[in-house]
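Okay, so chain A shows up in both of these, paired with chain B first and chain C after.
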Partner chain A sequence: MPDTGYLPKEKVKDFIRELAKDAIVHVPCLEGETVVFRPFSEDRELCLERPANTPPKSIIYPQSETLFSFEHKKDPEDHQKMSVELKVDIDAPGTVIFGARPCDARGFVIYDRVFIDTDTPDPYYKKRRENTLVVTLSCAAPFPGCFCVGVGGSPAGKEGTDAMLTEIAGGYIVEPVTEKGKAILNKPMVEDGSTRLKDAQQAQQKAHEAVKNPFAGGMPNISPELFDADPFWEQALSKCVSCGACTYLCPTCYCFNITDEQVYGKGERIRSWDACMFFHFTLEASTHNPRPTKFQRFKNRVGHKFVYYPEKYEGAIACCGCGRCIRYCPVSVDISEIVNDLGGGGKKEQQPAGSAKND
Partner chain B sequence: MSTEKVKEAIAKVLPDVETVICWQGGFDAIHATPCFVSSPEQIDKVIWSPLCAQNLASYLPSMKKKVGIVVKGCDSRTIVQYMQEGLIDREKVVIIGIPCTGVVSVKKILKEIGHEAVLDASFDGSGSITVRTPKGEKTLAIADVCPDKCRTCQYPTPLVYDHLAGDPITSDKPKESVYQDIREFDAKTLEERKAYWEKELDRCIRCYACRNACPMCVCQDSCIAETREPHWISQKLSLQEKFMFHMIHALHLAGRCVECGECDRVCPMDIPVSKMKKKINAEMKELFNYETGVNPDDKPPMFTFNVDEVKIKEHKL
Partner chain C sequence: MTDIKNPYLPELATVLRVIEETPNIKSFQVLFNDPEKMKGFTFQPGQVGQLSVFGAGESTFVINSPPTRMEYLQFSVMKAGEVTAAIHNLYPGDQVGIRAPLGNWFPYEEMKGRNILFIGGGIGLAPLRTLILFMLDNRSDYKDITIIYGSRTPPDLCYKDELKEWEERSDVNLILTVDNEYPGWTKRTGFVPTVLKEVAPKPDDTVAITCGPPIMIKFVLEGLAQLKFRDEDIITTLEKRMKCGIGLCGRCNIGSKYVCKDGPVFSLAQLKEMPDDV
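And now, the complex of A and B:
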């Protein structure tokens, strides 16, 4: 069996159908003007032209999930005695994420360190992650706000990916990355792509060079003094409206909240995404909030990704540079600009930003 | 309507205020971003162009000191509404008004250029924008890529201002056109409308950008979306919960929504949430003959109670 496959463009849908025989295949679909991951079905309109508005993170790490259900029961013999019945059901069917971007896949690696590679792995995340095959599509060109190369990624980076597709004339080169990914080369639609691998590599190289690196020194370098200076955050974030768009669209944000929702003695314990942009993040029962302002909360967002996480995980940055938080921010807060300014060095080379003016 | 006039006005106002809220260039050539100018040397980076779509008036209620603000006609309705509801102290706001002939919607431009990265963009001064991407150049008429609100704009010149940067202009759009889209939508059957909203709201990720960008959302950190006692909205991610939030958002804005369109503009999932609010506004106009944000002396109908509402026929029963 060859190491590299080739998937002709006209066979992409057949290929997805083939994968869908024994797994739920999530594919990027066009809905109105947005691209969202949806379980494949014939009526969906596939969109591989641009990254999805929302990353595929919720497929493995749902925005809201029931950890367990519970029911308080009275002992029929002795009504003074109560017992609690717990039911755990981890919903983790065989899944394929098809058409994620390399930055999206890299997000899962950032989660893996937290949820799997620890003494107390998270059974929910772990089971889903293990049951999911990630087939990424490398990017041919950067999209608005992208900066993956600045955080050690690449438009054809393979971290977190099981197999990668790269578009070339007429179709896609399929490069397996893991053993799990190798299996897809056996699918009948996939031809031998060995001789055209170099075309894909050229395209990948070209894409890599086209992505801007916003950081003056190549990699983010945060000055501890500036990081702890309140005026810096007040100046940089006056415009922030404290919504959760940046965090909920982020492939690497993983803060969550746990809530018991019950009616009388019966209910569910729910884990749902939290967002450090919201006032209620870290609001304590005493009503004290250690991060009462948006400035402190945004500092947490930057700190978590560029300071605290790297300290804990051997320098790994918890940002994959997908650019969604920049692209979709209601007020165009640019995290790459903020991190660059935190370096304390020279300003990044200005793009012709907002150069569109009236004559 | 030039950047220079706006800059001159800012320079004039600045000595009297803590900061002037205006726009500057954003992360690429089709994005503007808010700019808080507090010293003369910062005036250089100020821009005024059809990129300046954001309604900056939303920042006013959170400002503690006297500030200056640059507003378009549509944005000025927010200030008028704030005055009606007592949400700002007019004495502490210096308004620089700009007569505006229409802004652009970044979403509509991105659609036209296939969501490519933008290398450069320029306006030709005669109503079009030319956007350059790695795939080439495209010239678009602003009228084709403007937010829907511009198509029916009744107030191109601010309704309230202290300085006007430019000559006043009047609207050439028929008054009846404002709620035309709502009337068309109303003509659909209940099932069609339900299916429409189910499809649209299904994409909601509950980021609450629509709420936080809304100038008239005043509950702030006590929003029903997050209160735990009572726990109005479940943490479960069901369509029902999303519906609940958006319906309450719309109802809280009955006779208050100034139709600035910020909720549509900021939605990362491109959900036309402003349509609900506009629908309710259309009803308010019909029932109370009230239009939001046009006269500082008006009282929003939900702020008062009249036994005899002339346009509600039940009052004669």
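And now, the complex of A and C:
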């Protein structure tokens, strides 16, 4: 079996149908003007031309999920006595994410450290992650706001990916990354792509060079003095409306809330995405709030991604540079600009990653 | 997938006894329904637990009975929000859920052979109570034990029976205060940090452990610094809004530290290294 496959463009749908035989295949679909991941069905309009507006994070880490259900029961012998029954049912069917971008896949690696590589792994995330195959599509060109190369990624980065497609003339080169990913080369629609791998590599290189790196030194370099200077945040965030959209669209944000819902003695404990951008997120019952202002909250968001997370995980940055928070912010807050400014006012004009470094 | 322990799934427990400590604080003594679980349960003084009322939710409280007294686990709860209101409605026999132990604990090994100064305010005595009782159960390991405790009014003092007991013990120096004069109150009046200055305990070979409302802690820390306590010898246990209890959900962090997992116990030396969103 060759190491590299080739999927002709006209067979993409057949290939998805083939994958859908034994898994739920989530594909980027055009709905009105937005691209979102949906379980594949014949009536969907597949869209591989641009990154989805929302990342595929909800497929492995749902926006809302039941941790367990509970039921209060009366003791049949003694009606004064109640008992409680708890039930856990982790729903993790075989799943394929098809057409995620490398930044999206990298987001899962950032989650893996938090949800799996800990002394208290999260069984819900872990089970879904294990049952999901991630087939990414490398980016041919950057989109507005993209800055993956500034945070150690690449439009053809393979972290978190099981197999990667790269568009070349007439179709896609299929590069397996993991054992799990290798299996898709066996699908009948996939031809031998070995001889054309170099075309894909050239396309990948070209794409990498086209992505702008917003950071003056090539990588974020946060000055602790500026990071702790309140006026910096007040100035940088004056326009932020604390809507939290950036966190919901972020492939690396994972803050959550846990709440109970019940009707007539039966109910569920539910975990739902939450956002550190909200006032009530840290509000204590005593009315004390450790992060009462939007400046402190945004500082925490930037801090978590570029300072605190790297402190915990050997320098790894918890931002994949997908640019969604920049593209979709209603008031155009630009995290890459803020992080660059935190470097002490380095050069602000954006430089393509491939061009000579400006000293 | 290998079966891993589900960190979100509480262990079922039954309320054994409810004690009304103050007009808005109750203590709940609970037992795991599974006697094996109760027998095998271990924790360290200062560790916390998530107490669930199914249908209302769960909140974090310190286990304020010491590991030296395992007849039950005790949590003291001030009625402040939705979950604590539901907890306050519990009666003996009611079913609850517990996820415990969570977090770190008081460095009691390093406190051996030293003088101990406890400074508490209001419900803040709860975590101190665990360590006080633990130390009284291992009394010979520690030198002088001083407790400065205050609340707004005399009825707001927690653990009144124990306060009486400690007052009578010759090996404990208990100093009580309430904010203002109150009919029948003959002891000190004044805020805890003020009383700390008046009492002026010596920092020599002494560890200070404090817990109370954030504003009290702030001024107690200043007071201890004025009394020349070293930052390493000042220990506090923090309160935060917490949900998951395992350092994931993102709300109790101070910088890269999660109060629910890396805390709740920190020394002032550690806190000074951390961002100031306490």
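By our rule, the second predicted complex is superposed on the first by the 346 of 359 C-alpha atoms of A that agree within 3 Å, B and C clash if a C-alpha of one lies under 4 Å from a C-alpha of the other, contacts with A are read in each partner's own complex, and residues count from 1 in each chain.
Definition applied: contacts are C-beta pairs under 8 Å (C-beta built on N, C-alpha and C of every residue); 3 or more make two chains touch, one makes a residue touch a chain.
Worth saying up front: this structure is predicted, and the values here are computed from it rather than measured.
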* Clash or fit (per the criteria above) of chain B with chain C on chain A -> fit
* With the two complexes superposed on chain A, say which partner A:88 touches: chain B (first), chain C (second), both, or neither. => second
* chain B versus chain C as contact partner of A:238, first or second or both or neither -> first
* To do: Applying the touch criterion given at the start, work out whether A:259 contacts chain B, chain C, both or neither, answering first, second, both or neither.
  => both
* Is A:307 touching the first partner chain B, the second partner chain C, both, or neither of them? -> second
* To do: Considering only the touch criterion stated at the top, classify A:34 as touching first (chain B), second (chain C), both, or neither.
  => first
* Would you sort A:126 into first (chain B), second (chain C), both or neither based on which partner it touches? => second
* Asked: A:284 contacts which: chain B (first), chain C (second), both, neither?
  -> second
* May I ask you to decide whether A:186 touches chain B, chain C, both, or neither, giving the answer as first, second, both or neither? => neither
* Structure fact -> Smallest inter-chain Cα gap (chain B/chain C, superposed on A) in whole Å equals 7
* To do: Take the contacts of chain A with chain B and those with chain C, and give the residues found in both.
  => 257, 259
* To do: Within their complex, state which residues of chain A touch chain B.
  => 31-34, 36, 49-50, 53-54, 62-64, 141-146, 210, 238-239, 241-245, 247-249, 257, 259, 261, 270, 272, 275, 278-280, 324, 326, 328, 330-334, 337, 351-359
* To do: Spell out the part of chain B that touches chain A in their complex, as residue ranges.
  => 1-3, 23-36, 47-49, 51, 54, 58-59, 107, 110-111, 114-125, 129, 134, 199-200, 203, 205-209, 211-213, 220-221, 226, 228, 231, 234-237, 262, 265-266, 268-270
* To do: Give every residue of chain A touching chain C within the complex, in rising order.
  => 67-68, 70, 72, 80-84, 86, 88, 114-115, 118, 120-123, 126-127, 130, 228, 254-260, 262, 265, 267, 269, 271, 274, 276, 281-286, 288, 290-291, 296, 300, 303-304, 307-309, 311-312
* Structure fact -> Within their complex, chain C touches chain A through residues 1, 4-10, 12, 54-58, 80-81, 84, 93-95, 97, 213-214, 239-241, 243-244, 246-256, 275, 277-278
